[in-house]
Amino acid sequence: MTERRHDREFVRTFFTSPTAVEGEDDSAKMLRRAAGLRGMQAPDVWVPDNEDATAPSMRDEGAENIVEVISEQGAEFPGEIHPRMVWHRDSPETRYQGFQHMLDITDPERGAVEHIHGFVIPEVGGIDDWKKADEFFTIVEHEHGLDEGSLAMSVIIESGEAELAMGDLRDEMGKPTNNLERLFLLVDGEVDYTKDMRAMTPTGELPAWPELRHNTSRGASAAGCVAVDGPYDDIRDVEGYRERMTDNQAKGMLGIWSLTPGQVVEANTSPLPPKTGSWLLDADGEEVELASEDGVEAYDGDRLSLEATDGGYELRVGGDARELTADELREELLGLTSYVPSMDDIVDSMEEFEAAKEAGRGAIAMTQSATLRIGGTEIDIEKDRMWDEATYQAAMTPISLFQDVYENRPDQHEELEERYGAGVVERAMEVGL
Amino acid sequence: MTERRHDREFVRTFFTSPTAVEGEDDSAKMLRRAAGLRGMQAPDVWVPDNEDATAPSMRDEGAENIVEVISEQGAEFPGEIHPRMVWHRDSPETRYQGFQHMLDITDPERGAVEHIHGFVIPEVGGIDDWKKADEFFTIVEHEHGLDEGSLAMSVIIESGEAELAMGDLRDEMGKPTNNLERLFLLVDGEVDYTKDMRAMTPTGELPAWPELRHNTSRGASAAGCVAVDGPYDDIRDVEGYRERMTDNQAKGMLGIWSLTPGQVVEANTSPLPPKTGSWLLDADGEEVELASEDGVEAYDGDRLSLEATDGGYELRVGGDARELTADELREELLGLTSYVPSMDDIVDSMEEFEAAKEAGRGAIAMTQSATLRIGGTEIDIEKDRMWDEATYQAAMTPISLFQDVYENRPDQHEELEERYGAGVVERAMEVGL
Amino acid sequence: MTERRHDREFVRTFFTSPTAVEGEDDSAKMLRRAAGLRGMQAPDVWVPDNEDATAPSMRDEGAENIVEVISEQGAEFPGEIHPRMVWHRDSPETRYQGFQHMLDITDPERGAVEHIHGFVIPEVGGIDDWKKADEFFTIVEHEHGLDEGSLAMSVIIESGEAELAMGDLRDEMGKPTNNLERLFLLVDGEVDYTKDMRAMTPTGELPAWPELRHNTSRGASAAGCVAVDGPYDDIRDVEGYRERMTDNQAKGMLGIWSLTPGQVVEANTSPLPPKTGSWLLDADGEEVELASEDGVEAYDGDRLSLEATDGGYELRVGGDARELTADELREELLGLTSYVPSMDDIVDSMEEFEAAKEAGRGAIAMTQSATLRIGGTEIDIEKDRMWDEATYQAAMTPISLFQDVYENRPDQHEELEERYGAGVVERAMEVGL
C-alpha cells in the first residue's frame, strides 16, 4: 500500500463550521461551539470554513475568528484542525485573498498556527493550479519560520479539471520545484462539481457520481493521500447517509463530510466493524438483515417462505416454489445468506490465521454456523470461508483504521470500550503488528 | 465553469443526413429535406454525413452535394452546420481524402463555407491524431483566407485511444503549434467504440458504457467543449431514448445524436424543464409518476396501499404492512416521494432566492405541498428544501440551456411560448443575469 | 481496432498452478498435473505461479520445478505458458529475486525457454516500475541470446498506481529506451487491489470494481494488449462466475482467471456463442430465459400472465393488468423480449449481409420469429433487426474470437465440432475473411 505521509492515515470525518456568522453577538459562536466537541461527536478533521459556509462579507472577520478561537481552544481539540480558505481556479483575486488569510492566520506570534495542521483549498483546477496553492503554502512557511512542507494541503475536487489532475499527482510530487508531498485529503465537492459538469436531474437531486468517487479514491491511493466524500445535504435522512458511506467504503473512500455533530457521530462510527455480527438474507432480490432471537436468525417477511414437507422442504421465493431435500435447501440458503462479522469475529479470525501461519499453514477454513428460521421453519447452516494471506490482509483494513483511531483519539477510548468491551479493544490493538 | 468558446454553449441535438443516396433521381434528396427542417424538428447541429451514412462510392458526389445544398439553403437553416468528413486513425489514405473534401467544400467562391460552422472528424485516435486533423483545418483556413481557428472541429470518440486523449486536451490546447481551441463537440460513437473495445453482449445489444460517457462529459467540461451521446438505434423505442437522455443529463452530457426528425423533437425537448410539475412515488422499488387529478396526486397501483385505521394509518409496501400515526406516515411519505419542478417552479424559486439574497439572506426554505391519494386514502404532505447559493447555481443549468436555446433558435420561439406561456418564457430569460 | 502484436489476439483463460507444494513427495505435482490438461480443460494461458500460490520458502524450488516440468512437458502443452515471477513496486529485494528466477528459468541449455512465451509480473506500480521489469526482460534476452522483445510481459493490475499507468502505455511504448511492445496481458488482481485501495465491505466480499475493469479493458484496447479479469474465489458458485464473465464481456474484457480446471472449462466456453438460440423475457424486472418446448417459447412463472379475452388479451405484469388487442400485445411483447442468437444464427446473418453487400446493398433487415406461450396462452411475434456495416463489424467480435481459438487450439477442435456441428464450424471459419 502506498505510504501515507501524515499523522492520520485514516480520516473518517471532515466537519465544517462557519467562521463568522452575521447578526450574532459573538460572530465566532459556531466556531467556539465546534471547538468544544469531544468523543464521537468530534471529527477527525475539523474545518473552520472561511469559504462557502461563511458570507463573503464576513470572511476577513472569519479569518480573525479562526485565530482567536484556535489559539484559545485549539490545544484541547481532539481532532486535527484544517481551516478552509477561499480559492478559485478562475479568479486571481480570490486566490490572493486566500493567500493573505493564510499568512495572517499562521503568524506564530498569534498562537494559532501551532494547533493548525494545514489548510483546505477549494475550487482547484488542473495540476498547475494546485502548484500555485502549494507555492503560497511554501511562502507562508518561509515567512513565519515554519518547516517547509509542515502545513498539510487538502483540496476540494469540484471540477472536471481537478478530477483529471488527480491522475497526474504521482508524477508531479517530488519534483524539486514544489512541495506537493504536503497533500493530505482529496475531498469531493459534488454540489459544485455538478454545476461545473452542467449535470441536471429531474428532481434537482445530486447525481451519485460513482466514477468521480472511484477516481478520487484511486488518486488518493496512488499519491498517498486520504479520500473523503462530499456533504450529504439531507441531514434527516440518516439511513441514506449510512448507505452512502457503505457504498463509499467499497470504493476505498473511508471518510465523508459531516454537516452536524449528529452526522459526525454516524460517520465516525460507520467504518468501524459492528459490535455484533449479523446475517443477511437475499429475499427475492431485496437484502434483509435477519432478526437474532435466542440464537435463531429469523425472517418474518413474505418474500420468502419455507415449509417442511414429507420429502423435505418447500422453499418459495417470490412466486416460484421448489421442493428441496434438506441438503439442497442448505446449499440454496448458503447462496442466499451472508454473514457480517463483528469486530470480535474479525479479531478472532485474524488471531486464528496468525497462529496457523506461525505453525506453517498458509490457508485455513473459518466456519460460521447459524440456525435460520424462515416463516416458522428452522434449519441449521454452516458457512465456510477459506482464509489465506490475501484474505488476512484485506481484513486488516478495518483493523488498521480502528488502530489509527484508537491511537490518535484518546477522547474516544471510553466510547470504543463501551461499544466493543475492553477485551476486544485490547486484542484489536494487538493483531497484525 | 470552464468557459465555452463557441457561439453555442449548449447543443441538444446532433442530426446526421446522408450526403448522397444512390439510385435516386436527386442524390442530394436527403440533404435538401434536412436543410428544410425548422422549429423543434430542426437540430442545434446538423451534420451532412459524408462518412458512415453515405456509401464509400458516393462520397465524392456527397462532398459536391454538401456544397450545392448548403450554398443554396444554408443561410436559412436555423441550426449550425457541421458536415462529417472521412477520417481514420489507422489510414493515411482516408485522412488525405477527408482533407481534400474539406478543401473543396470550403472554397469561398462556391458559397457554402459562409454557412458552415465546422467539421466533424470521426475515428480519431490519440491526441497526436487529433493534431493531424487540426493541422488540416489550419491549412484549409490559410488556403482560403479564413481566420485561423474559425472552423470548429468536433470529434467522434469511438476508440479507447480517443477516450484517453480527452484527458490530455487541456494540456495540449493553447500550445503555439496547434489550434486545438477550435474543438467544439466531443461525440460518443458507441457502435464503433464497442467494436474497438471488442465488447460483446448475448443479444448483440450495445453495452451502456457509463464510464465512457462520464469521461466524455468530464473531458468536455475540462476543455470547454460540449459533450454529445451517440445514436440510439431503436427508433421506435421513444421511452428508451428518453431514459437514456435522463441518464446522460445526470452525467452532464446534455446533447445526443438524432437519426430522425422525430428523435430531434424528443432530444430538443428532453433537457428543457417540463411545462407542469409532477410527483414521483417510490412504490416498493419502482418509481411511479403520480396522476394529478383535481389537485390530488393519486397512486392506483397495488405495490403500495394505505388505509385509515382507528389509531392512524396502515401503510403496506410490497408484503410489509405497518401501523403509523399521521405524523409517522407523513415522515415516511416524505422519504418515498419527490417533486419534479416545472419551468415555472424553477423560475419562481430562483426569483425568490434572488430577492432573498438582495435582502441579505443566504439561505431560504422552499416549500412544496401536495395532497396524496394512495388507494382511496388521502393525506397532505409538505416538502421543504433549503436553497443556498449552491442550490441556486445548480438550478441555473437548465435555465442557462433554455436561454442559450432561446437566443440562438428564434425558429423555436413559438413552440417554446406555446409550451410554457409567454410570461414564463419572459421571466426565464431574466433570471440569473 | 488497435493491432494486437502477439500470436493470440484473444485469451479466454488464465490458469495458475502452484510451482512447489510443501510436504508432497513430488513438490512439482500440481505443475505436472496442469501440464497434462488438454481440450476445454486446458487454458489459453497457463501460469505456473511462483508468487502468491506458492509459499515464499518454496519459491527457489518452484523456479527449478518450472524448468523441469516445462522442459519435459511444455512441447505438448496446447496453450501458451507464462510463469508468474515475484515482484513488488515497493521492494527492490523482491524485484531482484524475480529477475534472478527469470534468468535461471530462461537459460537455453535447460530446455524450458523454448516453450515459454513470456512472464507475468505482479504488483507493478506506475509506468516507471513497468519499465524496470521490461529492462530485466531485455537483459535476460541478451544474456541468453534471445531476440529482444521475444519474451512477452504480462502484468497484474493490483494498485491504483498501476491502474493509472495503463493510461500512459501508448505514449511510452515505442520509445527507443524500452521494449514495452512486449506487453501482452493486463490482468486485474482485485484481492490485492482492494487492499491497496483500502476498500471494505460489511461481509468481506470483494467490491465489483466496474471502473477498474473498464479502465483495464480500455488500456488493453489502446495499447494492443489483452484484458483479463482476476480470480473468482467462490469456486462452487458457477452461476456467479458466468454472470461475472457476461458482465466483463460487455466491457470488452474477454478473458478471466481460472483457479480450477472446472473454471477453465466455464471460461473457455463463456465467450463462445451458444449452440442454440434462446428467447429472454423481461418478467416484471427479472430477466428470464424462456423454455423451448416443441418450437414454442414458454414462460411458466407467475410474474407475468396472459389470457385471451373477448376483445383481445389481458396481460398482467406484477400487479398491473391491461387489456390489449393482438397488435398492441405484440408491440408490448417485442419490448419485453430479446433473442440470444446461436453461432449458427450469427454465421447465417453475417453470410446474408455479406451477400447483400456484394449485391450493393448497405443495410438489410434480419427477422427472428417465435411462438410465445405465457401461462397457457400462445401468440406469435416477429422481431426485425437492421444490419448495416457497423452491426456486421460488431457481430464479428465473437466470430474473430472463435477463429482465433480454432486456429490456435487444435486440441479443442473435437469439442467445438461436437458443440456446433462440423458444418457450422466450417462456415464460421469462412465468414469475415
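Chains: A, B and C, in written order; residue numbering restarts at 1 for each.
The definition used in the following text is that a residue touches a chain if its C-beta (ideal position, glycine included) is under 8 Å from a C-beta of that chain, and two chains touch if they have at least 3 such contacts.
Please read all numbers here as calculations on a predicted model, not as lab measurements.
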Set of chains whose contacts include both subunit C and subunit B: A
Interface sides of subunit A and subunit C: same vs different residues, half threshold: different
Centroid distance [mean C-alpha coordinates] between subunit C and subunit A, Å: 35
For subunit A, residues that touch 2 or more chains besides their own: 167, 211
Interface residues, subunit B side, partner subunit C - complex: 22, 52, 55, 126, 159-161, 163-164, 167, 191-192, 194-207, 211-212, 233, 237, 286, 301-303
Subunit A contact footprint on subunit B (complex, rising order): 1-2, 10, 167, 170-171, 210-211, 214-215, 217-222, 246, 249-252, 254, 271, 274, 280, 285, 318-320, 335, 338-341, 360, 362, 385-386, 389-391, 393-398, 400
